[in-house]
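Labels for the chains are A, B, C, D, E, F, G and H, by order of writing; each one numbers its residues from 1.
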Amino acid sequence: ARTGDPEVVFGSGKTPEQVVEILRTLHAAHPDTAVLATRLSPEALDHVAAELADADVDRVARTAVLGALPAPRGLVRVVAAGTSDGPVAAEAAVTIRVHGAGVERVDDVGVAGIHRLMAVADRLADADCLVVVAGMEGALPSVVAGLVGVPLVGVPTSVGYGTGAGGLAAVLSMLNSCAPGVVVVNVDNGYGAGVHAARVARAAAPREAGPVVTGRGEASP
Amino acid sequence: ARTGDPEVVFGSGKTPEQVVEILRTLHAAHPDTAVLATRLSPEALDHVAAELADADVDRVARTAVLGALPAPRGLVRVVAAGTSDGPVAAEAAVTIRVHGAGVERVDDVGVAGIHRLMAVADRLADADCLVVVAGMEGALPSVVAGLVGVPLVGVPTSVGYGTGAGGLAAVLSMLNSCAPGVVVVNVDNGYGAGVHAARVARAAAPREAGPVVTGRGEASP
Amino acid sequence: ARTGDPEVVFGSGKTPEQVVEILRTLHAAHPDTAVLATRLSPEALDHVAAELADADVDRVARTAVLGALPAPRGLVRVVAAGTSDGPVAAEAAVTIRVHGAGVERVDDVGVAGIHRLMAVADRLADADCLVVVAGMEGALPSVVAGLVGVPLVGVPTSVGYGTGAGGLAAVLSMLNSCAPGVVVVNVDNGYGAGVHAARVARAAAPREAGPVVTGRGEASP
Amino acid sequence: ARTGDPEVVFGSGKTPEQVVEILRTLHAAHPDTAVLATRLSPEALDHVAAELADADVDRVARTAVLGALPAPRGLVRVVAAGTSDGPVAAEAAVTIRVHGAGVERVDDVGVAGIHRLMAVADRLADADCLVVVAGMEGALPSVVAGLVGVPLVGVPTSVGYGTGAGGLAAVLSMLNSCAPGVVVVNVDNGYGAGVHAARVARAAAPREAGPVVTGRGEASP
Amino acid sequence: ARTGDPEVVFGSGKTPEQVVEILRTLHAAHPDTAVLATRLSPEALDHVAAELADADVDRVARTAVLGALPAPRGLVRVVAAGTSDGPVAAEAAVTIRVHGAGVERVDDVGVAGIHRLMAVADRLADADCLVVVAGMEGALPSVVAGLVGVPLVGVPTSVGYGTGAGGLAAVLSMLNSCAPGVVVVNVDNGYGAGVHAARVARAAAPREAGPVVTGRGEASP
Amino acid sequence: ARTGDPEVVFGSGKTPEQVVEILRTLHAAHPDTAVLATRLSPEALDHVAAELADADVDRVARTAVLGALPAPRGLVRVVAAGTSDGPVAAEAAVTIRVHGAGVERVDDVGVAGIHRLMAVADRLADADCLVVVAGMEGALPSVVAGLVGVPLVGVPTSVGYGTGAGGLAAVLSMLNSCAPGVVVVNVDNGYGAGVHAARVARAAAPREAGPVVTGRGEASP
Amino acid sequence: ARTGDPEVVFGSGKTPEQVVEILRTLHAAHPDTAVLATRLSPEALDHVAAELADADVDRVARTAVLGALPAPRGLVRVVAAGTSDGPVAAEAAVTIRVHGAGVERVDDVGVAGIHRLMAVADRLADADCLVVVAGMEGALPSVVAGLVGVPLVGVPTSVGYGTGAGGLAAVLSMLNSCAPGVVVVNVDNGYGAGVHAARVARAAAPREAGPVVTGRGEASP
Amino acid sequence: ARTGDPEVVFGSGKTPEQVVEILRTLHAAHPDTAVLATRLSPEALDHVAAELADADVDRVARTAVLGALPAPRGLVRVVAAGTSDGPVAAEAAVTIRVHGAGVERVDDVGVAGIHRLMAVADRLADADCLVVVAGMEGALPSVVAGLVGVPLVGVPTSVGYGTGAGGLAAVLSMLNSCAPGVVVVNVDNGYGAGVHAARVARAAAPREAGPVVTGRGEASP
């Protein structure tokens, strides 16, 4: 795209056939960079896996990547409160890698168990950017932003029910954080958070990123 | 009242003269218990102070108490995130004492400075009930409820602006807490939280309460 | 958990296999206390019943309990307005027992038939804590809190339609109760109300609880 | 008007001079029926009192009436929860008399003190229509409609704060009443409720109405 | 019921078997009056038709009636804007008959074709009460209430989409009617409107009602 | 402006001095076309009247116009429901003239008095565009659009209270109109409606416009 | 219809059989003008195609047209932001043709790729009316209205998720456009926008319209 | 603070005396870094100017700075749509300088005049981070993010009226941007955007920042 970003297909509302065709066309036009598809239905994930042998399909993130990933510059850590927030964290992680930064996942550090979070504070401080994913009351970005001065993007998720259905409580929480410098994206928009975070991390001093994770949390060296 | 609670005057929308007259009438009818007035305007506070020499007027809590306080049974700690939350915390504290429990304030422990909160965790665990007051994103009750298993009432405050104006973000946050057992009252309703907390504390083992605070946080022995 | 509470699995969004596996693992780690799973799908309830012979499955409450229940201390009465509120009342009741208090159900006492409610007023006054469950306009907690001075938690339910769909009318009603001391949890959150109520009841004088009910309202001696 | 109703001036947003002039003009055109002005500012009330000696000005209801009241047919009882709901109840009462029905006030019977309400149940049953005014959680119409089968109009008021500010909780409560047959008007719309109730009462069997009240609650024989 | 109304079953959320059983039990207890069930699913309608030969099942209104209808006193006309509003109008009509008043339907007179409405103005004026059903912008009650001075209940329906989804535009429109005396029920609540209207009509002069319609609009002599 | 429209100053939040200065500057730059200022405070209106002798100040519309009006092409009729809607109708009327179309006002034809509206139906049909202004339930555009097939812009106003405060009921009503072809602008945005209507009228066959009104309704030949 | 518009069937909630029958009846009554059906389900589209050989069925627009299209007068260009907005743009295009104006589609010019939009600015300026369709943040009408002075109708679509679900962000965006003269219809209401735009275009100078498109964007000469 | 950020006083709700005292105390404790106060009332700005001769008071931004500014590293450009958005842009600009980055303002480039925006596209691309401030429909961040690939923070402002009052339309617009990588802060939160942007810019390659602006837009070398 004109902005220098890789091409991305928003899979929601597209047929499996459309997704495969667009990925193929974009990859042919940009053979040297990765092309990303997000929000893929189970059927689209299957169809991509069957049709595009080279595609890297992530069923949790609901993404597919076609083409070689760029070398990572800078490091983003993606922090998630609970297991239900996993798919959104995974979408962010894949997006970050496709957009040229390194990524590491830090899972299961919700505010209701603050000691687990404190135990990883040093790792959080040692990143170029943080993406912090949380549903329910969405308090995690506030607590993390009170601990470390790293650029931080909050991602509210739609995990919740009753007055919190659809992520309303979480997005309001993050927009009203009493901790300085929390910025926010739309509910479940791991993609948007990942694009921003990757830009921030790449522009930071181009140190060597650590081992990189693209999916559910297993390190990929 | 039929429920065994002391009489309470809701000052909002009443003239200074009405407040004084109702307090006088209720005190005459119930000479042995304290009578409480809340939500008093500055003018009403002045008028009560001038007309009722025995009344205990709290300008931060916007309350007046007439008649002897009951001996405290059990202990409630009122925890507040920021200084702007002070008036609501103070209303809760006065209400608790009038309703027969002991009270102590723990101020300035917002989630953006989590270390100050961790430093008082032991004091929080050692109470019969907690009232946790917070505005903005209202995350404090979640963090406290993840630290200690004491009955806990969250009080959202109207401190906030933009999408958080009127306390909406805070009340949604508390209702959607991912920590177990957080119960909530209306925005700025320190009175309601205080009534519940005092009942809970009084019913707990009737140990001797510590030094008791009724206002801004100075201990009253 | 660090707070002293039993382990609880939030079943929503987990597969039947995951639920069974987590219950098994937690029970192995905590053989002496009960482990609770809530919000189970019909399939998960079936799978738990088939795989874990010792589990106590409640199809109305949508819960499963593995491990011995603690001896009950104190008594919570769970009051429900209508039959549609039954599953939420049942979730609260199971939670209360698992968290160590005794429980009794008082059903079908909605505000539209106030005489039935008046007839049980004495039983309501004689509890250590009340959980009051209501949908539609959610008026029941206000009326009960005007009758008795017992600590009371209101649980709005999503029973309703039109402008009341999702429980909005009920949760606003309870937050704005004109009766003193009503505290509230999220819509349909019988679990959260139960955790709070059990803590309150256990801390009250440790009298002998009456016959205890865990499910739909049949007494279990 | 074409509908057979008396002429009514909605005073909100009109100058004192405009109100006086319109009342004078309408009275000249309709010398035999009463003309009503509602929602008058203090200045407009003063100006009407000074300029129109024959006008009946009610400072609580914020109304003025010019011209002879019609003989009352049928009886409406206006029931109010708290003293803050008084102005809305008064607006309803004046409207009812101007529209040709008799009226009686029943004050201070909020749901938090259910015994006071039960004590007047017989008087409520013995009316041709009820107007039930309540703010906060607006539960009163539900309870009254469960007691008596008389046509009943609920009037939510803007009395409340936090999540109840502006009367939202009350109007939702009344629209979602679990008691059959509750109909509702806009927040603070005592006038609209009065028009409907007077029509209903007039059409009922034309018995002799009891002593009639037009203002704050003093009987006017 | 205590209020003198017939017994009514709210079918939503009940199984076909439960509906049949409750209808049978209530009919046995009240053999001389009609028993009504509303909001029945297609399956419940089938089951009632199969099991209760004497029941009068209305598939548009989604109702079933068991037992003899009372003789009609007074007349309610049920006015509907469009064909999509038909089921709600039908629910109101059946409810009115079961509650002892006569009923007539006036269909297809939406505000976008004002001449059709003007053509029936005389019939509207000649009723003891009007129930006016409309979705989309819900303007019909305002126009009708400007034409005739008869007591009028507005019923917003959930017919609509986009910003009007769920009936929000219609219910707000009716609550804010600029025509005097419009009272309102919850979205789609034909039942509630019918109960109120029947009470109003019965209390009016007990003239002989015209031919009565209970279902889709065919006259039943 | 690039779009060919005259220059317009949005007065809200500007000082009287700023308004006068901008009007002067724009008039100097565009001596041959009119320059418009809207949303002027009383102080700004005074200051413009005192400083710019040639300006045409309209205190109801809260506007000022500097420079010669263009000759009118086509005719817009501005229809208003009630007197409170007058200022918004006036803002629309002035805007229309400044943007080159002719304008005529049709006032006081709210839906609650449908006969007055029917009486002017022919005049409504004989316009190139209609601007229909209404507050409260905002039903007027639906009724007018059912009468005539002329392009029609609805303008909701903030006239209303309770659930209609701020114009929410009116704007939802107009967006959900059941009459075909109603388009809508923001609450109180007479300016926006006027710009659109003038464009539509000017493009229509360039017949000679009738006598033209710029303010409260007096014809200006 | 009385307004001179063709007959239109709103297919939502109607069975395939009903749709076919109404189309047939209307066509018989109006053999010389086209009859339109919108919001057809896939089943209704199939049934119309099978039963009415002469009908023109558009599966993207979800419409069917029976009868000869009128000769086009004037030209409307329908501008769409993204491919997901296609069905709404198609509904608008079909409606415009049926209502007697010419139409052309301009697709895939969302604000995130502003250069594509700039490249077609001249074509936009050369239309009698514009219909601008956009979902997500709905910014496209603002940008277009800043480029050209043509009458412009914004159509928000329900394309979006999280805080934008249902089209709320888009409709608010368009109502609050900072560009002058943007008018708006309900979310997804391509039909309403088309009716208005066709009226505007027809009334403009009756030049010869260009090649006309009725469906997905292929020109139909 | 623990995060390495300078100390900041949130002036809202504090007295002028409190603000001066806190600034003095913090400056004494941190003599080598700047201390910032935001959201100051006119009285507080006066009091700071009078009492703290060394403070740098900005009446548009409503800020005061005490202590030497850090040398700027990296460059943030603050882009604003209209003049009403000026105070929020100014708050962001001051915050950025205090937090150690360089800043430049780009004003008056709203989306309704897209050519002005295109003219500065190169300057936008040549920044380390962008802060984009807009009210009304808040479309500016979407357009900018479609032009350049720089990290970008959107700041919705409360500039607007009717359905846009309070900034709701703007914040929803930005959260739902169809352009990749837009992150958002609370309405009017220039401070929060500034903290994030400064962190991002400082971490980018430490090139020499251009001439720096701290207030209304005049360059300060």
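Note that in this section a contact is a pair of C-beta atoms (placed from the backbone, for glycine too) under 8 Å apart; a residue touches a chain by one contact, two chains touch by 3 or more.
Remember, predicted model here, so these are calculated numbers, not experimental data.
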{"item": "Of A-C and A-B, whichever chain pair has more C-beta contact pairs", "value": "A-B"}
{"item": "Pair in A-B, A-C or F-G that repeats B-D, with over half of contact pairs matching by residue number", "value": "A-C"}
{"item": "Separation of chain E from chain H, taking each centre as the mean of its C-alpha atoms, in whole Å", "value": "58"}
{"item": "Between chain H and chain G, distance of the C-alpha-averaged centres to the nearest whole Å", "value": "42"}
{"item": "Distance between the centres, which are taken as Cα means, of chain H and chain A, whole angstrom", "value": "27"}
{"item": "Length of the line joining the C-alpha centres of chain A and chain E, rounded to whole Å", "value": "52"}
{"item": "Sequence positions of chain B contacting 2 or more other chains", "value": "2, 113, 145-147, 162-164, 168, 171, 175-177, 180, 186"}
{"item": "In the complex with chain C, residue positions of chain E that touch it", "value": "1-2, 12-13, 156, 158, 166-168, 171, 186-189"}
{"item": "Chain G - residues contacting chain H, complex", "value": "81-82, 110-114, 118, 135-139, 142-143, 145-147, 160, 162-164, 168-170, 172-180"}
{"item": "Chain E to chain D touching residues, read off their complex", "value": "2-5, 8, 128, 145-153, 171, 175-177, 180-186, 191-193, 195-196, 199-200, 203-205"}
{"item": "Contacting residues of chain B [partner chain H, same complex]", "value": "84, 113, 115, 159, 161-165"}
